Amino acid sequence: MSWTIRRLAAALELEAPARDGKLRGVASLEAAGPEELSFVARTAYGERLAQTAAGCVIVPPELRERVPSVALIAERPHAAFARAAALLHPDAPARGTRAETAAISPQAEVATDADLASGCVVEAGAHIASGVVLDPGVLIGEGVELGPGCRVGAGAVITGRSRLGARVRVQPGAVVGGEGFGYVWDDGAWLRVPQLGRVWVGDDVQIGAGTTIDRGALDDTVIGDGVLLDNQIQVGHNVRIGAHTAIAGCAGIAGSAVIGRRCTIGGAAGIVGHIEIVDDVHITAMSLVSHSILEAGTYAGVPLAPHGEWLRNAARFRQLDAMARRLGKLERIAGGNKEQP
Amino acid sequence: MSWTIRRLAAALELEAPARDGKLRGVASLEAAGPEELSFVARTAYGERLAQTAAGCVIVPPELRERVPSVALIAERPHAAFARAAALLHPDAPARGTRAETAAISPQAEVATDADLASGCVVEAGAHIASGVVLDPGVLIGEGVELGPGCRVGAGAVITGRSRLGARVRVQPGAVVGGEGFGYVWDDGAWLRVPQLGRVWVGDDVQIGAGTTIDRGALDDTVIGDGVLLDNQIQVGHNVRIGAHTAIAGCAGIAGSAVIGRRCTIGGAAGIVGHIEIVDDVHITAMSLVSHSILEAGTYAGVPLAPHGEWLRNAARFRQLDAMARRLGKLERIAGGNKEQP
Amino acid sequence: MSWTIRRLAAALELEAPARDGKLRGVASLEAAGPEELSFVARTAYGERLAQTAAGCVIVPPELRERVPSVALIAERPHAAFARAAALLHPDAPARGTRAETAAISPQAEVATDADLASGCVVEAGAHIASGVVLDPGVLIGEGVELGPGCRVGAGAVITGRSRLGARVRVQPGAVVGGEGFGYVWDDGAWLRVPQLGRVWVGDDVQIGAGTTIDRGALDDTVIGDGVLLDNQIQVGHNVRIGAHTAIAGCAGIAGSAVIGRRCTIGGAAGIVGHIEIVDDVHITAMSLVSHSILEAGTYAGVPLAPHGEWLRNAARFRQLDAMARRLGKLERIAGGNKEQP
């Protein structure tokens, strides 16, 4: 599909520019050429416009005059650019290809237009809806359901009768539906508790590379609509994550934790099991949530504290040795004082 | 296999209940129906019994009278329930299936009753014992040995001539036997040290999804009997983990660390290389073990300390800014004092 | 190939020993037999020599007389041993094998001497150079380029048109080129930003098991020559890592971070996005780099500080409760003082 700047402006519901031009794709300000679109997210970055060769740039209103080529004006330039990029570089649609080396159980139900690349395995009882794309080596276990438009990256594993909604994107190497870590100590050894629940994943969820989501022990693990999970996140059994919550890479969420809607969890943060986090909570990177959070806000640190409190105490931590020495000095003075009659 | 409550009580060596009934499976208290078994782990959770529709509930003795249907009495209800669940929901036994797309080297030795699902690869010199089940896309490298009853999840990789004991469960996407991180700095670049050891895994070990266990550099990496490794754990080369130790998700154990028996390591904890941890040590989540631990007990924090000490100091950390201001005030008083003749 | 001690000494450019002998391989001091080579890295470990049955031992000059068999003398014994081990245990060379179950696109270009094991997939537009070895189940996506001598472990995924230089070693289960975590919050939900960049990997890079490297959003993610990445590292989109930097397991590097040359990053350390770290910076395990580091040196902790400062403050942290009590006592004294007229 061929795009012009004016067609794009119309599609994005932006003001039509004075000049038109052809657009082949998007690029960064530094790399873009005359048939490419770029963007500046904030007015403060406006000086980067001077050198760009981009044929068109999406900018906030304040930068309108500083674009050397054609400007498109948007209140939220990054969001407008995201939409533009999706139009100029659409995902290749599913075409119903079935690689020769794909192993599809005759007891699976696969939409005729779904793409199954080389080495994919689809086991008995699986349902693959319309428009699904499975990259090479994807493994879809017994009874798994993939909603319309799901895209699963190479080598990802979906098992444990998991059910994914529409348009879920799974990155390579992710594992959805593995056995949870359910053991009970008994008579000097660990006794395994069979893991009989499933994973329910809502619509428009992103599951990052190497991320693992365990199936529930008895009830299910639940990932809400629009949830974003970056790479290498661990989600324990029976965790529930509310809609539109975003979790950064390497975070770990222990079993039965419940996380609200629209939360953000920073990279490598830890959340212990069996606690609750309400909606609109934000956790900074490498913090440890060791108890329930019942009030919206931003929290940080180990031990966890409201972010402002943590910042003040962390600043003092860097003075701790000096404080200890000041304290010793005062004690010597006080000792002297005491000796004074 | 069909179960009744009385047959189950007999199998678990629990007191026979007054009434009998059919059992189809297990479920949580909230979800269970009249032909399902549930449990209450502790007396404190007894109020949850009031609403359950479960046909049978395993409870501690104190709750005997509060079960609305049939009660089974156990001193350790969770352990009894785990055993019951394993009886009511047994693993499907291996049946000797060989998927058409499984690639099995003629130089491999595979028990006739082992199951090899679609896309599995078994290389030359591998030994697959009786009752082994390989899920789709499992990769078994040259010379690897799997003991009787091992179950390997989809897409897991076992390589480096690793040797797994009996009944080891490997979750999807785990990697056992990859090359360790062995490099030496020499003349301005890193020089690779060939990694020639193996991984020895005992009996009844659990290896979580995405967990990686490196093979030894010269000698072997050793995982003891009954060890539990949750998801996304990293185990460096030449680590030794004692029997029945359990490690929670996202923990990292650097090369040549030695961990004792019956330890528990919390989620995302770190253990540096070349140190020793004795038996019966417990490490809390996100702690960093930076030196050997020679006494049993519970430890926490960065820097690591006995747990009680850590709790006291961590509580004070949240007062640190206030302490600094109090210290400043005292200094002003002391300064004033000093000026007083 | 058969080796003698003298031939090996010549190959390593070490002084020829008085006696010669046959060598079959390398082993640890404890395990080595009369036809095996071992080493002692430092003079301090010399006492371990007494019991060894190794036929030859590489030692520093000070230990020359203490080797019970044949000594090879090296200033840097570990480096000499690494070179010796690579000679005695060379990688099996590529032989041009193509497994029956490998799925190779007719639009891919594969060197005739490259090895493709069972279950490998090579998609259209991929270039596989001479001497490449792909272990079972490796997935090479559209347009990916692998330089000469690359070795890719079982089940690893290389996608997103990534380009790897010469002799890159990828461990099992690694993912190179997955979609970055690019989203912008807009109107109550996350909007996906298409990820259009690539991953460029230099020569002689090591990529550990389960490590994930995201492709760039617009420009590329860049891994310099000789970089070492241990297992389960997360590298976000548009990260740039300078040559010969080594990163330990479980570290996480957020998007657009720039790391200099010859740095070392400790295990499970975190590096936030959009910051810069200059050359020759060392970060200790489990530290969080939350701002740019513009001066070479060693840094530690959360919050990050120069290492010496961190050590002093961390030692005081373990006295914090005692400090608080001492402070309270001083306040009581001062309060008493104030009351004194």
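Letters A, B and C mark the chains in the order given here, with residues in each chain numbered from 1 onward.
Everything that follows uses one rule, which is that a contact is a pair of C-beta atoms (placed from the backbone, for glycine too) under 8 Å apart; a residue touches a chain by one contact, two chains touch by 3 or more.
Source: prediction; values computed, not measured.
In the Cα superposition of chain B onto chain C, the rotation angle, rounded to steps of 5, is 120 degrees.
Although chain A and chain C carry the same sequence, what matters here is overlap: shared residue numbers make up under half of all numbers found at their interface.
Separation between the centroids of chain A and chain C, computed from CA atoms only, is 26 Å.
Chain contacts: chain C has residues 101, 119, 137, 155, 173, 210, 232, 250, 268, 302, 315, 317, 319-320, 323, 327, 330, 334, 337 touching two or more partner chains.
Taken in their complex, chain A has these residues touching chain C: 25-28, 30-31, 76, 78-79, 81-83, 85-86, 89, 99-101, 117-119, 135-137, 153-155, 169, 171-173, 204, 206, 208-210, 226, 228, 230-232, 244, 246, 248-250, 267-268, 285-286, 301-302, 314-315, 317-321, 323-324, 327, 330-331, 334, 337-338.
The touching residues of chain B, counted against chain C in their complex, run 101, 103, 119, 121, 123, 137, 139, 141, 155, 157, 159, 173, 175, 178-179, 181-184, 186, 188-194, 196, 210, 212, 214, 218-219, 232, 234, 236, 250, 252, 254, 268, 270, 272, 288, 290, 302-303, 305, 309, 312-313, 315-317, 319-320, 323, 326-327, 330, 333-334, 337.
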